[in-house]
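Some structures to go through are shown next.
In the two complexes below, subunit A is the common chain; its partner is subunit B in one and subunit C in the other.
Let's look at the complex of A and B:
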């Protein structure tokens, strides 16, 4: 008798029941399917339309844009290559040779910069048109800062995932106070900065050793992680002016080094946060076993940990690369001529006297989108699943 | 292969370990002879794995010293201890082939390629893996993965082998098979082996000596037969044996154990208000209700194959008796149980100590 009312006749269901019941576990009911797929279709249109719009607009001229919206080339407007010609052929030095020359210049000038304390090598002057310069800058800056950021960040994340740090709260306070002391001594008492820093450093080691034992409160890895991510809580606009002053003080304004360093530092918290999670989820026995077998910490990191976190590393790299590629705020403040990046070129098409040159802006934007798509396709190959299969358990 | 095959002794000298306020090991003393197969036996949380990890160097003791051979290794990094370890989870490198997994300890030592390949083949042959060297761990069965882990451990010929429940992820049949292979391999190589398990059958079958641990304290260290026939205390008596030893609560008065209105003669004498009598199921026998030392009703019977387990209700206690496979008593039948005095173990209930 029990459960008679739950008896279910599979064959003689009403149409309504068939529409709302999933046909099997792990499948969707017909109605749900219709709802979900129509939503996805509308969403795709919503997402893809701007890209389509950018592409067709780059083939319009001023007249076609100002006449109001037109959607189909050859149907309601006549496509032209004007916008592309103005951007990419009008200026002198707009050719591949210029890009090669620029890359050589960057290598040459950085060697000159590194060797400048020893020998003076005169830096080369760029011979390249604006858009090609911006493109080269964007590529060089985002790739180098991404590599730097991911390398440093993942090592930090690994250390935080596997080594227990217990910094004493009191020691941190001493450190902060000494830094304040250094700043005061340097600015108001006229002590040379290297002298005050050396004294402060010596004092710190002395005080930390002498008093460190007496401090009870200490922080853990969780606090360090939070401290790192908290640096992303501030909106970047808040720190932009102090950053400008800092880079001005060290005479690095309008240099590649400034943007590379800044991008790397700004994105470091994201890398540490993301990679920490991947490392923490690796079975620790793998590393312990390698340790017993005699591998060094770096050996374990490169031979065991890195290959196993490759999907996470690829995803993180892609994210940071896109963030760097699209970065506008820091670039606009810290660059004037030599290190302008692609986002600045896009924004520059919003001119004062001639209004927004939509067709030219769109041509630049298209060029800016393409590398990101290529990177995404290349890197998703690494984001494969099941790398950990067979590591542990039977 | 590279190191001289030196059997090393192992010594824990008053080792303590606590995690925060939790004491995992208290004053742990243990000496393992060179070439011995020692099993650390205990329930989960008994501190057996912690002891092993302290020996491996993956954990540092809160106090006490650890010696391998003549060397005090308490502060020595794991990689300089000349030990190898098989983990419960095998810990194979999933992105490396079987050959690369087995050869990893030698690769770290930067051995020449030819020498390494020979050693890998040799180690793989010992565990019958030579046909699978190019596979990845994900393409292997549980038992094969276990063999890879073993091969990786033996390729280096360490002075001490550590095994942390290496068989617990295998199914019952394979476990029995691997147990025999492990014992044979240890016998052939003669490397000092410390083996952690919660499975008393593994402990009994594999060990030269068994160390029973509970709550971070070493309860008894003796040969398997000694542990079985002569348990030092109530915990060891109950932990070893399947089915477990019967436990009857009562009091010891003179040379008799009194409980449930019955008197049972004992070999030992004493006056203990709260005492426990233990008797192994195979030492008891079922008989006519009037002839037995005690009498009760059958609670249930289980035919195991070569014998029948009969559970008898007696007052508030239950007694399991190993009877002949043809035993045909029914549930509720009145039966007598013979408790032979010479096989009755008496323990002090409060301290758990055996009264001898």
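Let's look at the complex of A and C:
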């Protein structure tokens, strides 16, 4: 500054000026600092208090909750582990080997499912206590579904950023009409669903080959991208009842596969939206030179493009993982016994005969939110570097 | 995209090309299809197909029988029921009697919307005119319901409860979230700590939030019981009156969603070049002026996009009212999703699908209008 401007002349300032004027450019005045810190502190309390309350309630017993509020462990109530014991060890099958057993069961049932057209292997029934079952289910479903969703979504996003597509408008209309035909035939005329869809698929390929060249209007990559992203607008309640009927028809109700597929589809728009932005911002020269060296598209994608977008990929994966972990509506409609997830376990504590058992419910909630808080801390590190900002700018 | 390949016949391939090479080449030639096919088919099977299938539910009377579902076509009767029939009060609220004040406001709304439509009459193409007519029709319909129910002093239905969560909730969350982001973007110590801390509520399970909030808002066992006692409100129960229940619901929703606005706006504010702000500071501009003239114009495109995303998610609200009040008192905190779920549980699958479809139409029209007239406008303005 070299003292050219009197406003920032540090030596000749009165007390009021010292309090209300910033000491240097890019610094804050002391009073402003106090105001900012007090607002942030108030908001921190507002954020932390519900979480704190859930955690301390999980260490209370029925008496401590029903007496009225008590705020500090060891000061105005005696913490116990009752709620944790009821949830995690009271069930006869609850021990640490239970998780291993559940994983074995999953593997067994998956093999049985894959081989079911060839040989019939009786599926194992779950033998362990509900909470471990739900926890392993949640972990398995959200991780597999996240990997699947990110893989499929980033492939589509990459293709939309680099390859030109020109789907004919007429072909799309034919496809929609055929879907309507399949639905009408199945619901009102009683044709088996597999027969009508096979006929419709064959008809579509035939008609698209025969009539496709006569259609003039076609869509571009931007339209496809917009179509994919706009799927997020669709409220899940619209599709959940038809999906129930569909999964019932193919006997996939109450299986891991159904939830994995649905979670992946629900989050696909987010993946495509975020990843498309990362791919579009990569320099294209690298890929062009790799192509000249004879690399295939898939080789370029896996070995050059994906490593370059690693921060974006990690941030997207974490975000989807959290969304999958918390998903409730699909789980409550499509799972009955075997694939209950953690959110359902939490919700189930709402309907006890003795009213809501706050302390038990809090213990389950704490187990649910601890992994999420760890992921939130990891995710903010990416967001603070502006990794996810590009897509929001549109 | 052609599926023809002439290298599939053995012996026809050029010398030196093994069959695995040919296979690789074939895959590479159709890479475009393979890249996009999984995503497209997943969306077609699990989003587009059920959406169309849902229409069959909405147009039918559905019964469970021994061998599956039985559909009987009933036309638009399920939709008719929501607007003129037995569940009109549930869905739209009470629209009688129409007060003088309501009529006046409605007249103003109609004139304003028609004027907006008339102004674009000469310049717009017919596709844009169609879009604008749909937006205008929706605006007039929503305006009519608003004036006939809320402004005439009648109870509102699940339609306006949902809109209350979306419009008022988004506004409150946006103001507080942006304010916090502005405070956090100041040059202070511990910025990263606050960033992580404020981000956490977004990640907590909505169900968990519902339970925690219900516990905290409990008037006898919750932590604020002594405070209510001091204020002389021991007998006050927030869940007994419709509006206090709705406001509590909105506050709890805000606890969860302010972090989303906060984190996006903070990233946007930090992206504003610091030297612009510092140059304004040297020129002696007050911090309010700096915010309005330098910072704000640069973050508006992000702000409207974030609002759009938030609104899209807000239309789907279900977990919180389900857990905290079960939709009560009466049906005054029910969102449309929850309304649909309850109707489904009462085995009226046709009406349930019809309500879900109405929610879809409402969401699409409101969000598309916002996107076309606000978001695109702002993006164009910054690019120009």
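The working rule: the second predicted complex is superposed on the first by the 312 of 394 C-alpha atoms of A that agree within 3 Å, B and C clash if a C-alpha of one lies under 4 Å from a C-alpha of the other, contacts with A are read in each partner's own complex, and residues count from 1 in each chain.
Basically, contacts are C-beta pairs under 8 Å (C-beta built on N, C-alpha and C of every residue); 3 or more make two chains touch, one makes a residue touch a chain.
Since the structure is predicted, the reported quantities are computational estimates derived from the model, not experimental observations.
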First (subunit B), second (subunit C), both or neither: which does A:308 touch? first
Based on the superposed arrangement, let me know which partner A:44 touches: subunit B (first), subunit C (second), both, or neither? second
Please indicate which partner A:177 is in contact with in the superposed arrangement: first for subunit B, second for subunit C, both, or neither. neither
Larger contact residue set on subunit A - subunit B or subunit C: C
For A:358, is the partner it touches subunit B (first), subunit C (second), both, or none of the two (neither)? second
Looking at the overlay, does A:62 come into contact with subunit B only (first), subunit C only (second), both, or neither? neither
Contacts of A:283 with subunit B and subunit C, given as first, second, both or neither: first
Could you say whether A:293 touches subunit B, subunit C, both of them, or neither, answering first, second, both or neither? first
Output check: A:261 vs subunit B and subunit C. Expected answer is one of first, second, both, neither. What do you get? second
So the subunit A residues that subunit B and subunit C both touch are 296, 386, 388-389, 392-394
Which residues of subunit A touch subunit B once you look at their complex with the stated criterion? 283, 285-286, 288-296, 299, 304, 307-308, 386-394
Residue ranges of subunit A in contact with subunit C within the complex: 5, 7-8, 22, 25-28, 32-33, 36-37, 39-40, 43-44, 46-51, 53-54, 57, 65-66, 68-69, 71, 152-153, 155-156, 158-160, 163, 165, 176, 179-180, 183-184, 187-188, 224, 228, 231-239, 241-243, 245-246, 261-262, 264-265, 268, 272, 296-298, 301, 322, 325-326, 328-329, 342-343, 346-347, 349-350, 356, 358, 361-362, 365, 368-369, 372-373, 375-377, 379-380, 383-384, 386, 388-389, 392-394
Parts of subunit C lying in touch with subunit A, wherever the complex brings them together: 24, 27-28, 31-32, 34-36, 38-40, 42-43, 46-54, 56-57, 60, 69, 71, 73, 180, 183-184, 186-188, 192, 194-209, 211-216, 220-226, 255, 263-264, 267-268, 270-271, 274, 278, 281-282, 284, 287, 301-302, 305-306, 309, 312, 315-316, 318-319, 323, 337, 340-341, 344, 349, 352-353, 356-357, 359-360, 363-364, 367, 375, 379
Quick check on the complex: what are the subunit B residues that touch subunit A? 56-58, 78-79, 81, 83-85, 87, 89-95, 104-105, 108-109, 136-142, 145-146, 152, 156, 169-170
